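Paired with subunit B in one complex and with subunit C in the other, subunit A is shared by the two complexes that follow.
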Partner chain A sequence: MGYMTFIEHDGTRHKVEIEADKSLMQHAADNMVPGIDADCGGECACGTCHVIVDEAWYAKTGKINSSEQQMLEMTPEGAPTSRLACQIEITDALDGLVVHLPEFQM
Partner chain B sequence: MKNSTSNSGQDQVCVIVGASHAAAQLATSLRQKGWAGAIRMISDEGRLPYQRPPLSKAFLAGETDADSLAIRPPAFYAKHQIECVSGKVTAINRREKTLTLADGNEQRYDKLALCTGTRVIRLPIQGKELAGVHDLRSLADVEGIRRDLPRTRRAVIIGGGYIGLETAASLRKQGIEVVVLERAERVFQRVTAPAVSAFYQRIHEEAGVVIHTDIAATAFEGEERVERVVCADGTSYPADMVIVGIGVTPNSELAEAAGLETNNGIVVDEYCQTKDRDIVAAGDCANQWDPHSGQWRRLESVPNAMEQAKTAAATLCGERSPQNSLPWFWSDQYDLKLQIAGLSQGYDQVVIRGNPDSGRSFAAFYFREGQLIAADCVNRSPEFMFAKKLLSQKTTPDPTRLADDTITVRNLMEEVTG
Partner chain C sequence: MNIQTRAMNLSARLVPMHWQVRAAHLAQQALDRVGLAPKTPEFTESPLPDVSTLAIEDIDVSNPFLWRQGLWGSYFKRLRDEQPVHFQKSSAFGPFWSVTRFDDILFVDKRHDLFSAEPIITLGDQPAGLAIETFIAMDPPKHDKQRQAVQGVVAPRNLKEMESLIRQRTRDVLDHLPVDKPFDWVSNVSIELTARMLATLLDFPYEQRRKLVYWSDVAAASPETTGGQVERDEFFPAVAEVARSFSELWREKEARRDAGEEPGFDVISMMVNNEDTKDLIHRPMEFLGNLALLIIGGNDTTRNSMTGGVLALNRFPQEFDKLKANPALIPNMVSEIIRWQTPLAYMRRVAKQDVELNGETIRKGDKVVMWYASGNRDERAIDKPDEFIIDRKGARNHLSFGFGVHRCMGNRLAEMQLRILWEELLARFDRIDVQGEPEYVQSNFVRGYTRMMVKLTRKNQG
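And now, the complex of A and B:
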């Protein structure tokens, strides 16, 4: 079974087990990772599940659609590898994934 | 007798009445904040907490199944020792700190969280018991609607608010003929400016929905199943199915009977506390004092339920962190994503960005006495994020610049934030 890691802004690490076919946001919520509360339930409506993907993994997290892109453009603390966690579908290919959490969600 | 000195509260029991968004978040937040005692969530719905927003959208449209609506997987509750109990609470006995359940059992509590939500308002008219007449609030309601879909060619929806129009869009997607009957003079009258109402009326009419406003249903008629809706003006509309979406009312009777203050919901302060310091309330049932606006607020929204749940959990854990989150809402209809920041009630000026008379994307900014108070953004996520930022910083942009759609949001942001 694979694992992935969330790193909080203060450096706290959360290693969680990968469950295929669940979004990155759902992984955070199901494992009580602080800072990702999934306010809209994954509808790409709130922009409160912003993560910054580790550069080495960014290309493997899939394509960004225009809706997500628009939300991200206005997100504070935005970075070149920013994503919304609700839009990343986790597969076994993402075993080892590392994402960083911003200090604040919008 | 209380003894919390030796075991950091492991013998304490927090009971949560209800099992929807607020309850699920409250239980989660209690554990995140280190609540060591028992957490018992009591609900008479017979299901683990599930997402309600998709009920009128993807779930009604048949694009998702019931299992995928779960807010957390079943294993989550076991892992974090959150007990989900089936039962109906019939009384709160504050002196003894117990709850009475409908089966006669008693449940003790040290801390109590009321997340009792709302229930739908029923039209007090003839024929409301006929088969084929549905409410839309719970998963069970929508499962009932879905069972009736194969025999439905024509549906009448009573109410042109969010539930009514989201339902209209979901049914149209499935080829059903839809008539919406709205009592007010325009759809969304309670929550938006006329330009936004007109936009949504146009979009729905282009999709083939027939909308009548200024009209009151007076009876549902049929043999065993509903066959038509009769209105006060003498018109009638054939229907194989009727969905009533005219609003909800808070479930505050339990609190009221226990001597807690209620007024359009369970009255709580900015810490989500009732006047009983061991009892909090969160979600659609709570009417909260907002010291910033100097207004009472009872909001029917998932984000508000989640924010109040976090505040309430903090309060129960002995923290004092007042709620000061910005209200926001969303609604999906067809390809349109409506995102709303702030509360527009009481506005005296509306600034429109983009053209609501054609196309499928624009934003309406609401001002009161020169201050930005809210924004409705249709397929305009940058404007929504911009509005959220402005509202939380209490900054107001220049209305003339805002109305100029050739200036990008990024530029507007730079002008405001410098």
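And now, the complex of A and C:
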């Protein structure tokens, strides 16, 4: 199995081992990566697992549906490659993935 | 938009807004005299029956005394266990569905395509003659635009700027509290702190801050809306005063903008300087609606969580010991307070089409009430839900802020205010003892306190 990296707003890096069939949010939660609140537990309903995907990886993280789009529009921290971590399914194809955490979760 | 709202918008450039509200009030009084105004329900308190004596279809959780009489817990438990999607056909607020389990509430809250937040999110309708429009009660896409215009004010980046000011004001309040002598926590701490916060957010004249509290209380407490105690003849003059004060404030901010000044970080400046909201003053019902939302949203909720937290720690004293031993638990405790208190009991929706939910068919046009207060005590979703546990795992996964596009905009501000309050309390006091029983608000919506006597014991400066 491969690895992926969360980079906190202050630059702290967290390398996390990939486990199949788990969302990116779940990976953060299970590995105690700070800065992901996930208040709704992965239902795409709170916007508190916001991440900014590294540009090189953005296209590989899959499509954004309308409810994710709507939740993302509610955060003032949004960026062109923003995603909700609970909506990204992790597979081996994402070995090496890099995501940045925003300064705040809204 | 109804005819009256349209007329108000057309005349808004010529007639001061508070005159328009006054005219609406006179019109309602005239309709009343000739018997044409809708009848306002009247609520008189009497002891409610034990829920086990009722037939399931007779259970009416819209009763505004359920919270005050301490029976809400048993009523909602029975609904969750026996009929989690429950129809009450003849309440004082008309027929409505109650959704009481955590997962079902989450479903309804997420599906704004199936359930509309319009025209209002309380059980009853707005007082006749004043159809206030606010984005909490708008569906996308109009909702999204209006919310985006103001949400920056409570964005974490803005809050970081405000944290030291909030802490300074909190310290000032706490440093002037009586020690070893009973006093009312609600008025001296909860109301005072939220009033200061609101005045800061709105850049409202600081010495007049208690007016904000009064307006909020009046606006959220009309009998036809939530079963509260405010009379129409008190309601309209209060709204007229809001219209007058905030029109003045708005004009002042406009003048500053036109003079080329940098906008402040307050809500009014933000709206004056935003493309989508800069003409809001020409749409009186929207103008009043958005202000009412920010004032009520920032008032009742935080205030009653400030009181509820003290009460919870008195009901579960071992948790207070745990807290004193480990103040790092404060942020987690704040989430637990907000769950345990659930300061707003519910949000209401209207079905946009027929929907099957947990075995029941909700028909298009039916009112659907998501009882957050019940979902937050749902044994299926939360372990030992009636207990207050400050180091609860997953404490953030509560329903009090709602989910989906209408999720509470001020959640981070609320958490910050409560966190600062508890940090400063722990630095000063060893005991906060509730004296006797608190007094509760009459409402089916606001789960609040009108009075709670406490006695403080100063911390030993060893």
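The rule we apply is simple: the second predicted complex is superposed on the first by the 106 of 106 C-alpha atoms of A that agree within 3 Å, B and C clash if a C-alpha of one lies under 4 Å from a C-alpha of the other, contacts with A are read in each partner's own complex, and residues count from 1 in each chain.
Throughout what follows, a contact is a pair of C-beta atoms (placed from the backbone, for glycine too) under 8 Å apart; a residue touches a chain by one contact, two chains touch by 3 or more.
What you are looking at is a predicted structure, and each value in this text was computed from that prediction instead of being measured.
**Q** Mind checking subunit B and subunit C on superposed subunit A, clash or fit?
**A** Clash.
**Q** Classify the contacts of A:39 with the two partner chains as first (subunit B alone), second (subunit C alone), both, or neither.
**A** both
**Q** A:98 in the overlay: touching subunit B, subunit C, both, or neither? Say first, second, both or neither.
**A** neither
**Q** Check whether A:79 is in contact with subunit B, with subunit C, with both or with neither, and answer first, second, both or neither.
**A** Touch partners of A:79: none, neither subunit B nor subunit C.
**Q** Check whether A:47 is in contact with subunit B, with subunit C, with both or with neither, and answer first, second, both or neither.
**A** A:47 contacts both subunit B and subunit C.
**Q** In the overlay, answer first, second, both or neither for which of subunit B and subunit C A:106 touches.
**A** Both partners.
**Q** Looking at the overlay, does A:64 come into contact with subunit B only (first), subunit C only (second), both, or neither?
**A** A:64 contacts neither subunit B nor subunit C.
**Q** With both structures aligned on chain A, tell me which stretch of subunit C collides with subunit B: 130-138, 238-246 or 454-462.
**A** The answer is stretch 130-138.
**Q** Show which residues of subunit A both subunit B and subunit C reach, each in its own complex.
**A** 37, 39-41, 43-47, 67, 70-71, 73-74, 76, 106
**Q** Touching subunit C in the complex: which residues of subunit A?
**A** Contacts found on subunit A: 37-41, 43-48, 67, 70-71, 73-74, 76-77, 103-106.
**Q** For subunit A, which residues are in contact with subunit B within the complex?
**A** Residues 29-30, 32, 34, 37, 39-41, 43-47, 67, 70-71, 73-76, 106.
**Q** Going by the contact rule set out above, which residues of subunit B touch subunit A in the complex?
**A** Against subunit A, the touching part of subunit B is residues 25, 28, 31-32, 51, 53-54, 71-73, 76, 80, 302-303, 306, 310, 328, 330, 332, 337, 339, 381-382, 385-386, 388-389, 409-410, 413.
**Q** Name, in rising order, each residue of subunit C that touches subunit A in their complex.
**A** Interface residues on subunit C, with respect to subunit A: 106, 109-110, 140, 144, 147-148, 151-152, 155-157, 394, 396-397, 401, 403-405, 407, 411-412.
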